[in-house]
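Paired with subunit B in one complex and with subunit C in the other, subunit A is shared by the two complexes that follow.
Presenting the complex of A and B:
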């Protein structure tokens, strides 16, 4: 909207345009992260601690509870991501045949994308809980006599309920991004290969798979990063004795005993660092894909 | 496909049914629950009743306040997020060349960093400035995840935007307002409304930021949902979830209409080089 010749005026206007967003997002977010980082180093004037030390981190890295929840968090994310990606690829490959028959299927696929995770978690609770719908059907089929005989799928030790929710929610997300590639990019190449006499497997191996890999990879990294840091779903569907890392941070932060604060901040910092690594991976693998599409 | 058309048609119907079951069954149960008196264990069919909906619409229920709070916050977030994101996205897409990637990264990072780490840090920050426990503070905290989403959507628009149209109109003597109204806005409209809807939804479904920054003083729909969850009244939970999902449905319908419109524009929409 401006065509001023003066370089400094142009710079000033650009800065003015960026300022509100940078001030609210960048400012509070970066300040928040810095505060977290400092408090995790045991700097906490409110209870008289003014020296920096690493002993909170040392304590965390020696505690079994921390490792258990770290591995649990990573494991849940990994299983959920792999399952969701597998199902999404199969779904996308199957759906692409029918997408041309109208936008109806595509419409259905997008349906649960904006549904909040909280609602998804409650839905899983109602379906798979010990007195949920599936348990009732099992009762009527004569498989079980009372709710306690139904296997514990939600608020369980292994995070089955959490994984179920993530898979249900993320399959459409990955499928949509893979499908958009399959629909527009791969078809001419597959036809070309077919003309040259390639069989089904060769077409998949040389055209379909390489083309959908970047979309699959980048959406899978997003899913992994999201599920790793998500709070609401494990809060509703997780077991109290088996907290994920975000839950651990939440509990430590809300503990009325303020001496737990640095621990909360340290766990938070660790979550942030792991997410940062995932983001760098995303930019490395997914950024090129985004640039290619433009 | 042609060879055994009948067979694949049957397979199609079966797969479609499975697919619909997989996608819809989980949250279709929630409105059903909301219309029950109670639904004890062995019963597959519930006892229908309007108890919870009568409670939701009654004068003394917290639900109405929570919905109004959520609605006000989400509308304000949606609007303010566009006000902040629109100039930033335009500047990043069209004018700013140096540091472009870094600035974009900072502005989009809150989408990728877990909510819990941002919420806790921002809570401590807002405590310093006396913004916590206040409506304004909660609104500001909702903007932190909402603005990045708007910038993400709007930047994608400006990255493919041809500023030549604007220059042309300006050359022909249009004023700035006219250029905005006649050239930029019509092109921007669908992305901008989508961005508004998503910011709305982000604020609408926000729990962590509201709990931390609001300190429990401001009751929104997600807060009510979480506190009802511990009470175990699944009929009420079903009703709250039903209300909670409504804006999301509006978004799905809106985007599908926009996609259709794109589809009818012609072949260019499917051109991979765009």
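Presenting the complex of A and C:
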């Protein structure tokens, strides 16, 4: 009885059923976006600011710190995503042969998915810090005499620690989504190509890679967008003098002088816009490809 | 076509949700105001009666195990047993987080039933809440134990130069101290002012750093330098003047940039918090840590959080000391119980235990011991004579105590440090 022959009534019913969930998710999300956007335009009645102006954005787009931070954030996300994707593809290609042999491999691959990023970040800190576990082992083995002789891997100027954490955490995520495609979709096509006399490279070029690509792209875009907007990992593992954009926003937000609030919101708005662009790309490349194939 | 239409449907639903959500936020705060006034004018017994069975959400800096433990076990147990109040300590890394929570609720029109009942607060965060008119009060002088507090003392009545007017109640006091390891440095090698510190740092490259402002102690380190280079704190007791500030602050930036290449990791980064600085000190990566507790570092040594040979000391040019307070947000859900907590923590016995490094964490007292008599007075006299080498003596602390600067200078120093030192290549 929930289904009508009329398309428009069917649409209405499904829309009505979606309403409660959308009310909470969409409502609070969009309300947050709008409040953030308005505050970034200097509208802040709490301290008597009621006129809209763009001066915060103008200030931000003239600040060298902002550009340095933007480039640093983008760079970290790009390097982490590319590295994670590469390792994940290699891992997936290698593992596909063994997956049929039992669930334990799959389990091993996925074990770090439920671990929060904060925990991962602290683990990296404890392992790779200048007085971390590895440094202590090196001292014990007589390789170094002082903590400062250990290479700087965390809170460094290049974000090595941050990239390390992201790669560690995101490789399984990408690998799992690629692996599920490799397992179920490509095998018959590869067999077909083999029967037609295609060599290994040709099979990879015409079957494996094209099938893998949408899953790889869409999961990579998710990873990129996540790492770009993420706060906790660069907060723990980053250097104070090389803040990522979310950290710049957080610092402005925590400033007890309320006149810094619009700056925090403006940086958030910029992060949101960049993430939106990524979502559009995701729909175009990831989702779009899947829709076409169906 | 079908795809487009469902997208349009979803967007429409989102807009409807948004409008409904936006409309539900408003609520009149008048009722709350009346209840506040009746609470402030009622007798203490009435406050106790109202507080019964309530839960107090106390937002406080959670970076010290000794403090957390004392609050949970000591205060928590007493509140439950004596007043049937449940204490929920909410740890935060920066007081501004709690301040923002209150401000966000105020912006959303949540004028009653707010989630924060009590905040451990002082300085610029108090100024922010007062500026936004988001505090409950004046309640401090209404507390029965306020009779032990010397509100005629400007150090108590003012917070970073701002009159407290009973909108926050004192809890304890602190003073900045340096910590060194007597096994690593001989006492006669110690620098005793910022000029000596500079030559020490240059002689020992990589062995000194400070917590990056806006960390509380890091900001203090910079403030004291600012005092010393600008010719003393007396100059800065007047309202904020940008131009004068810039001229004098540039001396501090020059100093900090000069020692930067000789700092830990060449000054390319700094520890984010004083806890990180202490870790560096413990790992023998740097030679100095900072401390705020007037009772010294015996608690940390006892718990193995500092080496047994660690010792605190002061600069001759003085260090900043101040009182720390608790405040109740204007929309707190459990104001009566929060008042009971604010009163309890002023109890002379508890103040004494908190100040005793073996029982509490060596925090400075918030009450005035000269107002006590009998048994209580004896306790504090004993505490005074108990000072050992793990603490700077009370007289020494008092002699070198500098007041904190007007609230407006703190963000200016923090911003200035970021722009002129941290991001300066």
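Here is the rule we go by: the second predicted complex is superposed on the first by the 266 of 294 C-alpha atoms of A that agree within 3 Å, B and C clash if a C-alpha of one lies under 4 Å from a C-alpha of the other, contacts with A are read in each partner's own complex, and residues count from 1 in each chain.
Definition applied: a contact is a pair of C-beta atoms (placed from the backbone, for glycine too) under 8 Å apart; a residue touches a chain by one contact, two chains touch by 3 or more.
All values derive from a computational prediction rather than experimental measurement.
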| item | value |
| --- | --- |
| Combined model on subunit A: subunit C and subunit B, fit or clash | clash |
| Touched partner set for A:30, first subunit B, second subunit C, both or neither | both |
| Contacts of A:65 with subunit B and subunit C, given as first, second, both or neither | second |
| Partner chain(s) touched by A:131 [first = subunit B, second = subunit C, both, neither] | both |
| Touched partner set for A:148, first subunit B, second subunit C, both or neither | second |
| Touched partner set for A:279, first subunit B, second subunit C, both or neither | first |
| Subunit B versus subunit C, judged by how many residues of subunit A each one touches | B |
| Which superposed partner A:118 touches (first subunit B, second subunit C, both, neither) | first |
| Touched partner set for A:202, first subunit B, second subunit C, both or neither | neither |
| First (subunit B), second (subunit C), both or neither touched by A:168 | first |
| First, second, both or neither for A:253, with subunit B first and subunit C second | both |
| Intersection of the subunit A residues that touch subunit B with those that touch subunit C | 18, 22, 24, 26, 28, 30-31, 34, 131, 146-147, 253 |
| Contact set on subunit A toward subunit C in their complex | 7, 11, 15, 18-19, 22-24, 26-28, 30-31, 34, 45-47, 64-65, 68, 130-131, 146-148, 152, 155-157, 235, 239-242, 251, 253-258, 260 |
| In the complex with subunit A, residue positions of subunit B that touch it | 1, 12, 15-16, 19-20, 22-27, 29-30, 33, 41-44, 83-85, 87-88, 90-92, 95-96, 103, 105-107, 109-110, 112-118, 120-126, 140-141, 143-144, 147-148, 151, 159-160, 166-167, 170, 176, 179-180, 198, 201, 204-205, 207-208, 222, 225-226, 229, 234, 237-238, 241, 244-245, 248, 251-252, 255-256, 259-260, 263, 270-272 |
| In the complex with subunit B, residue positions of subunit A that touch it | 1, 3, 10, 13-14, 16-18, 20-22, 24-26, 28-36, 39, 91, 94, 97-98, 103, 105-120, 122-124, 126-127, 131, 133, 135-137, 139-140, 146-147, 168, 172, 183-185, 222, 225, 228-232, 236, 246, 249-250, 253, 264-265, 268-269, 271-272, 275-276, 278-279, 282-283, 294 |
| Interfacial residue positions of subunit C with respect to subunit A in the complex | 2, 5-6, 9-10, 13-18, 20-22, 94, 96-97, 99-100, 103, 106-107, 124-125, 127-128, 131-132, 206, 212, 214, 265, 268-272, 279-280, 283-285, 410-411, 414-415, 419, 422-423 |
